[in-house]
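Can you read through this structure? Questions will come right after.
All chains are identified by letter, namely A, B, C, D, E, F, G, H, I, J, K and L, in their written order; residue positions are counted from 1 within each chain.
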Amino acid sequence: MRVLLLNGPNLNLLGLREPGLYGADTLAEIEQRLGAQAAERGVELSCFQSNHEGALVDRIHQARGQVDGILINAGALTHTSIALRDALLGVAIPFVELHLSNVHAREAFRHNSYLADKAIGVISGFGPASYELALQGLLARLRGQP
Amino acid sequence: MRVLLLNGPNLNLLGLREPGLYGADTLAEIEQRLGAQAAERGVELSCFQSNHEGALVDRIHQARGQVDGILINAGALTHTSIALRDALLGVAIPFVELHLSNVHAREAFRHNSYLADKAIGVISGFGPASYELALQGLLARLRGQP
Amino acid sequence: MRVLLLNGPNLNLLGLREPGLYGADTLAEIEQRLGAQAAERGVELSCFQSNHEGALVDRIHQARGQVDGILINAGALTHTSIALRDALLGVAIPFVELHLSNVHAREAFRHNSYLADKAIGVISGFGPASYELALQGLLARLRGQP
Amino acid sequence: MRVLLLNGPNLNLLGLREPGLYGADTLAEIEQRLGAQAAERGVELSCFQSNHEGALVDRIHQARGQVDGILINAGALTHTSIALRDALLGVAIPFVELHLSNVHAREAFRHNSYLADKAIGVISGFGPASYELALQGLLARLRGQP
Amino acid sequence: MRVLLLNGPNLNLLGLREPGLYGADTLAEIEQRLGAQAAERGVELSCFQSNHEGALVDRIHQARGQVDGILINAGALTHTSIALRDALLGVAIPFVELHLSNVHAREAFRHNSYLADKAIGVISGFGPASYELALQGLLARLRGQP
Amino acid sequence: MRVLLLNGPNLNLLGLREPGLYGADTLAEIEQRLGAQAAERGVELSCFQSNHEGALVDRIHQARGQVDGILINAGALTHTSIALRDALLGVAIPFVELHLSNVHAREAFRHNSYLADKAIGVISGFGPASYELALQGLLARLRGQP
Amino acid sequence: MRVLLLNGPNLNLLGLREPGLYGADTLAEIEQRLGAQAAERGVELSCFQSNHEGALVDRIHQARGQVDGILINAGALTHTSIALRDALLGVAIPFVELHLSNVHAREAFRHNSYLADKAIGVISGFGPASYELALQGLLARLRGQP
Amino acid sequence: MRVLLLNGPNLNLLGLREPGLYGADTLAEIEQRLGAQAAERGVELSCFQSNHEGALVDRIHQARGQVDGILINAGALTHTSIALRDALLGVAIPFVELHLSNVHAREAFRHNSYLADKAIGVISGFGPASYELALQGLLARLRGQP
Amino acid sequence: MRVLLLNGPNLNLLGLREPGLYGADTLAEIEQRLGAQAAERGVELSCFQSNHEGALVDRIHQARGQVDGILINAGALTHTSIALRDALLGVAIPFVELHLSNVHAREAFRHNSYLADKAIGVISGFGPASYELALQGLLARLRGQP
Amino acid sequence: MRVLLLNGPNLNLLGLREPGLYGADTLAEIEQRLGAQAAERGVELSCFQSNHEGALVDRIHQARGQVDGILINAGALTHTSIALRDALLGVAIPFVELHLSNVHAREAFRHNSYLADKAIGVISGFGPASYELALQGLLARLRGQP
Amino acid sequence: MRVLLLNGPNLNLLGLREPGLYGADTLAEIEQRLGAQAAERGVELSCFQSNHEGALVDRIHQARGQVDGILINAGALTHTSIALRDALLGVAIPFVELHLSNVHAREAFRHNSYLADKAIGVISGFGPASYELALQGLLARLRGQP
Amino acid sequence: MRVLLLNGPNLNLLGLREPGLYGADTLAEIEQRLGAQAAERGVELSCFQSNHEGALVDRIHQARGQVDGILINAGALTHTSIALRDALLGVAIPFVELHLSNVHAREAFRHNSYLADKAIGVISGFGPASYELALQGLLARLRGQP
C-alpha cells in the first residue's frame, strides 16, 4: 500500500514559524517520523511540499494509479483552491484533509474548505500528531477497519 | 488519567440506524473497544450517552475535577446547543469533538458547530475509528506528544 | 395499522393558551377525537406529548418497528431541533408534519422547519382539524390512495 | 356553499408529467373526483386551470361575491406571482394553498410562497389527496368545525 | 403631446378593493378625471389596463413612436416583471412610475422595483392624486419646466 | 393652513452643485416660487435649511402644534438619520418626503430611507418640480381630495 | 405579589465558573439575597434552576395563575429556545430577561434573544446585581411606578 | 429531426431596439436564416415568439412528442419564470438556453437563470450568431458528436 | 462620586411625545428625581441633553477626568453614531446604556447599538424607571457591590 | 487571423477524468481537431495548457500584439483567479469563455466567473463541441458576421 | 496652492486618547508640523477640526473655489456620513482620505467608507505620519508628478 | 536597513497596460526611481515581481532574517491569496500594502484584502507615487518617526 503526503504553501516553514501555534517540529522531522510509522504499518510513504498550487496539482496528477491514498495539508489553499479539489476528484484517489491548528478557532475565512466535502474525513487541531492520526484514519477506511 | 466519552442524541441507535452511513457497530461495542484501547494506554474511560441536552450538561458538570479530558460526539446538538458549549467551558476540561460521518459532506446546517472553536481539535468522517483517533489526539495533546 | 401522534412543547396548554390562535379544544379532547377517527379507519392510535426534546427522541426510538406512521406537531422544536430530525430518519418511519396555526403568517423564525423536507407532507393552519387532515394524508400515502 | 378550484401553470400536464413525482391521475380525473366529494358535502365546485397568470387573476376577480372559498394550487406562480396574492386579497375570499409534491423537499426557490401567509392554511406533499384534504380543511374552517 | 396611462394587475378592482388603502374611486373615474386634466394641459391621454403582463408589454410596443410619455402603475408587476422593464427600455419612451399606496410602508417585497431606476421619477402614496401628480411631473420634465 | 419646508445637508448648494443632476435653480429661488404657489392655494409656507442634523431636529420640534404638514428633502440624512425619523414621529405632523434626483438610479446606499415608511408619500426625480408636486400631494391628502 | 425566578443551563455553576466573568457568588447566595430583597418589598419569591429546557417549560406552565411576574436568566437557551418563548407567551405572565454578563460584548450568536421582544425589559451586564435590578424593574412596571 | 425555436418577451423588437446591444437583424430575418441553416443540417425548424409567459408555456406543451429539441431565448423571463422551467421539465425535451447579449455584463438580476441548470448548455453574448451556435450545440449533443 | 446623565435626540420631547410608549414624565422631572436619588446615594449628578451629535461628543470630552461614570440614553444615535462610541472610549469613563422603551420589540434597525459592547451593561424597557436602574447598576459596578 | 486557445488546471486530464462528465476525447485530440477547423476558416491556432495560474498569465502577456482573439477554458481558475482577469484586460485581446460541462448545473461556487463580464460571450455545457462553438462565436464577432 | 486639512470627531483628543493606538502628538502639534511641511512645498495650509458633522459640511462649502485640495481624516464619520460625501462632491475639490490607525485591523464597521471611492486615494495606518504622506500624495496628483 | 519591494501579477505590464488607470511608467522605471529614493534615505532596496503566487511566497521566505520591511503591491492576489498572508505572517517582517489605483473605486471584489489587517498600513490610489509614499510610511514606522 502506497500513500502520498502533500503539504501546501508555507508548511516548509514548520518549526520556524509560530511554534506556539504549529509546534517546534520541522516538516522534515514530521515527514521522517510519519514515514517510519507508515513503514511499521506496511505502507510506503512519499512526500511532497510546494508553495505553488500548480505544482501540487501536477503532483496529484502524477499520483494517478500510483498511490492508494493521499494525506493533504493544503494550508491556505484549503480555503481558496478549486483547482486542488478538481485535481483530487480527477485522479479519484481517496484522501484525508488535515490541519495542524484548529481552523475553527481562527479567522472566519479559514472555516470554508474546498476539499472537505470530498474527503474521507478531516482532522484538525492536534499539531504534528494530526499527521499520524490522518494516516491511521486513512488506513482504517482503506482497510475497512472499525 | 481519566477520560469521559459523551455521546449525544440518537447515537444509541448506532449499528441499527443507517449502517451504510455510520457503520454496523453498536454503541456498546464501540464503548467497550475504546475502553480497552484506553486501558492499554493507562487511561480510565467512563461513558455516557443521552438524548437529553440537559442530561449531557448535568454529566459534564459532574465531570468537573473528576476527568482530565472529554471526547464528545454531540450528534445533532453539535449544531444547536450553546448550553453544551457553556457547560464545557464552565468546567474547563479539554475536549475533542468527533463525528462518525463527514459532516462537511452533509446538509449545510451541519457545517456549523458551537463546540469546535473551543475544542482541542476536531475529527470527522472515519466511522467508528473516529473514536480511537479522538482518544489518541486527546492524549497526544494532554501528554505533550508530537 | 398503527400510528403514533407526537406533540411537542407547550401543546399541553391547548385550549388554555391563546384560544383565538389555537382553538378551544384541549389536547386530551383532540387526542380522543383523533383516536376515534383512527379506529373508524382501522388504525390504532397511540399518543405522546412532552415539553422535553429528549423525551420525544426517546419515544420515537421506541416506535421503531412498532408503528407504521407518525403524526408530529413538534411545536417550537420544529424550528430548532435537528435531534428530532435525526430520530425520525433513524427509525425510518414515514411521518407527517402538522401545525395548528399557519406558521407562514407568524414570525420569520417559524418559517424554517428541520423536519419538513423529510416528511411525507406538511399541513398547517387548520386548527384542531389539522390533526384529522394529517391522519388522512398519512393513510392515503401509506395505502397508496389517490 | 360554492368553492372554486384553481390550478396554475403546467398542472394540465398532470398524469402525463413525472408521474413518480405527481401521481398518475390527470387533472380532469382529479377535478371530477373532487367535484363528487364536494357534492357529498353539499358544496358546488367549479374548476379553472390556466398557464396564464393574467387569466388566473381574471378568474379570481370573477369569483368576487360568487364563491365562499378558493382552493389554489398555483404551481410555479406560488413562488413568483405577487399579482395572484393581490387578486386573492382584493376579492377577500378565504383560500387554501395546496401542492401535490412536498415543496420543502425541492429546490430552495420553491420554499417561498407569496400566498401562504394570507391563506387559511397550506397543504403540501400528499399527491392528488392534497386536493381532498384542502377541501376538507377549507370547509372545516368556513363551517367552524374543529 | 400624447401620453399613455398604463395600469397593471388588480387595478381594475379600484374602488371595490380595500378602499381604506386605495380610495373609493373606480379606475374609470380616475381615467376620466385624468383625461380631463390632460386635455386642459393640451395633452391627449390614452389608457390601458390589464391583468396580463404580456398584454402590457404588447401595449407598450404599440406605443413606440406614438406617444411622448408613459405613466405606469404596474401594481404587483412593479416588483416581479423584468419584461416590463425591457419593454419600456425597448421603446425608449420616458416614463413615470406611480403607486396609489405608499409602497415603503408595506411588505418588504414591495420595496424593490424593476422599473424605478429607469424612470424619470417615482410617486408613491397619494391615493388617486398620485395620477395627477405623475402627469404633472412627466410634463414638467418633457417640457423642461422647473 | 401652514406648511413647513425642510431642506437638509448640501441643498444650500443647489444651482451651484452638479446642475446636470439637480437643475440650475438656487434654493432661494425654489423656496420663493413654492411660497408663491402655496399662497395661491391659501397656504402659508415657512422654510428652513441646515447642514446640521441637530438643527433640523430642533426645527421640527418647534413646528409642533404650529404647522399642519411638512415637506422634507432630507438629502443625505434620508439614508442615515433615525433622529429625524423620531423627531417627525414625535411631533406627529404629516409629512411628504421628496428628492430632486431619482434616488433609485443612484448608489445602493441611497435606496434605503429612514423616513419613507412613515411619510404620507414619496416623490423622487422631478428636479425642482418635485417641490411643487410634494406640496400638492400633501394638500390633497390633508384636504381629502382625490 | 408573587414572583418566580428562573435560571437556565449552567447557572448552577455560578461562583464556580469563570468568576472574573460572572462574579464569585453562588446561585444559592444570589437566590437567598434576592428573596430577602423581595420580602422587604412585600414580594414572595420562588426560585427554580434547571439545565433542561423541558423542565423550565414545565415550571413556567406550573406558574400559570400562581405568580404575577417572572425574572428569567435563560442562559444559553436565551439564544436557542423558541419553546421557552412559547411557554412564557402561553401562560401570559409578564417577565424580565436578565443576564449577568454583557451579552453584547460576547460572541455574535449571543446577540439574538428569542425572549427579548416579548419581555417587559432586558437587563444585561451588572453581574449578580442584575438580579436585583430586574426585580425592581419588574415591580416598577407591575405597580405602575415611574 | 425537429427543433423548436422559442423567443420570449420583447424579442419581437429585435432590429428595432438598441441595435448597439442586440444587432440590426429583425427576428424574422434571424428565424429565416436559422431555418435555412437547420434545413442544411436535415433539421426542420419551427419558430414561436410571444410576450406572454402563458403562451410560451402552452407552446412548449404542444411540442411534447413533436420535437426533438428546443432552442430558447426566454429574454426577461429567463430570470423570473419558474413556470417556463416547469414546462420544459414537464415535456422532457432537451433544450439549449441562449442570449444575444452577454448577460454576465449586465444588471445583477440577469445573472440568475431559472432554466440554465436544466439546459444542455448555455450560449450568451454572440448577438444573432448565438442562435446558430445554439442550434449546432443542440445537434452535437443530440447526435452524440464531439 | 460624580455621574453624568446624557440624553440624546428627541428625549427633550419626553412627556409630550407618545406617552403610551415613553411615559408621562418630562425629562426635567426625570432629571430632578434622579438627581435626588443620586444625592441619597452620595452621588453628584449633572445632566445634559442635546439633539446634536456633536454637542454630545463635546460634552463627553468635557467630562474627561471630571466624572466617575456616565449614564447615556443616546436615543436614535445609539444605532447610528460611531462618533459617540469613540468619544466614550476616548475619555475612558465607564458608562451604562439605557432605553425607556424595549428596543428589541421595535424596528430591526434599533436592534444594533454602537455603544452596547463597550458599556458596563444595558437596561432597556422600564420607562422612566430605567434611569434609576441604570444609576444603581452603575454604582454597583463602580463600588464593587454584588 | 491568429487565435490562442488556453486551457487551465486539470484539463490535461481530459479523456482520462470523469468521461461521463467531460467526454472521452483527450486534450490533444481536441486541440488537433480545433486546429484543423481553424485552418479551414483561415485561422492559425496556437494552444497552451497549464495547471499554474502564473504560467497562464505569462502566456497571455506573450500573446499581446500576437493574436487577434483568445479562447479560454480556465477550469477551476474561472471562479478564483482575478489575476487571469487582469491579464486578459491588460493585453486587451477579445476573448471567449468556454466550459465543457454546464457550470450552472454544478456546485454553487462554480456559478461565479471572474472572466465572464469581460468576455465577448460565454459557452457552457456542450462537451468537446464547446471548443468549436467558441471558435465560431469568436470569429463571428471579430469578423462582424451575424 | 492652497490645501485644507479637515479633522472629524474626537481627533481633538489626539495625544490624550489611547496614545498606543494613535501616537502621543496632539492635533495642534500635527497641524503645526504639517503647516511647516506644506510651506516648504509652497503650499498654504488651513486647518479645521470639529465634532459636528454639520460644521464640517459648512467648512467644506466655504472651501469652494478657495482651495485646491482637501486632506480629510473624518474619523467615525468616515463610516456613517453620506452628507460629508455629498459636500465633497458638491464643491468638486480633489481630496485624500487618511487615517491614523489601520482601519482594516479594527471593527468590521470601520471597513466601509462613504468617502473612499470618490477620493484620489486613501492612506491608513501610519500614525501622525499619515498626514504628511497624504499631503505628498495630494500634491503628487495635483502636480502630475509620478 | 534593507527593504524588499514585491510586485504581483500583471504589474510587469505597467506602462503598457491601461496607462490612464496606472500611469505611463514601466515597472523598471518605478523600481529604479524607488531604489534611488531608498538609497538617499540609507536604505538598500531589492525588487521582485512575479505572476506566480508560489514564487512570491518563495521570495518572502527567502527574505526571512534578511530584510527589515516589505513593500507589497500584490495586485489581484491581494484579494484572493491567503497563502501570501500566511507567508508574510510566517516570516514576521513588517510590511506596507500599496496599490497604484484606488481600489475602493473599482469592482466590489477588490474591496477585500487578505493582507490589509496584518499590514502596518495601506496606501491606495496615488499611481506610481504610491511606491514612494509606502516607502516613507514604512520607514517612519520602523524608525519611530512621527
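Rule of thumb we're sticking to: a contact is a pair of C-beta atoms (placed from the backbone, for glycine too) under 8 Å apart; a residue touches a chain by one contact, two chains touch by 3 or more.
Please read these numbers as outputs of a predicted model, since none were measured by experiment.
Here the chain-to-chain distance from subunit F to subunit L, counted in touching steps, is 2.
Steps from subunit C to subunit K, minimised over paths through touching chains, total 3.
Common partners of subunit A and subunit K, by the touch rule above, are L. Copies subunit F and subunit I of the same chain sequence form an interface built mainly from non-equivalent positions, shared numbers / all numbers used being under half. Residue-numbered contact pairs of I-K overlap by over half with those of F-I, the repeat interface among A-B, F-I or C-D.
Subunit K has its Cα centroid 63 Å from the Cα centroid of subunit D. Each chain gets one centre point, the mean of its Cα atoms, and the points for subunit D and subunit E are 31 Å apart. Shown for subunit K are the residues in touch with two or more other chains, namely 52-55, 80. Chain pairs that touch, as defined above: A-B, A-J, A-L, B-C, B-G, C-D, C-G, D-E, D-H, E-F, E-H, F-I, F-K, G-I, H-J, I-K, J-L, K-L.
Touching subunit D in their complex are the following residues of subunit C: 23, 25, 30, 33, 102, 104-105, 113, 116-130, 132-133, 136-137, 140-141, 145-146.
Residues 52-55, 57-58, 61, 64, 80-83, 85-87, 89-92, 114 of subunit K touch subunit F in their complex. By the touch criterion stated above, subunit J contacts subunit A in their complex at residues 8-10, 12-13, 16-18, 50-55, 75-77, 79-80, 109-110.
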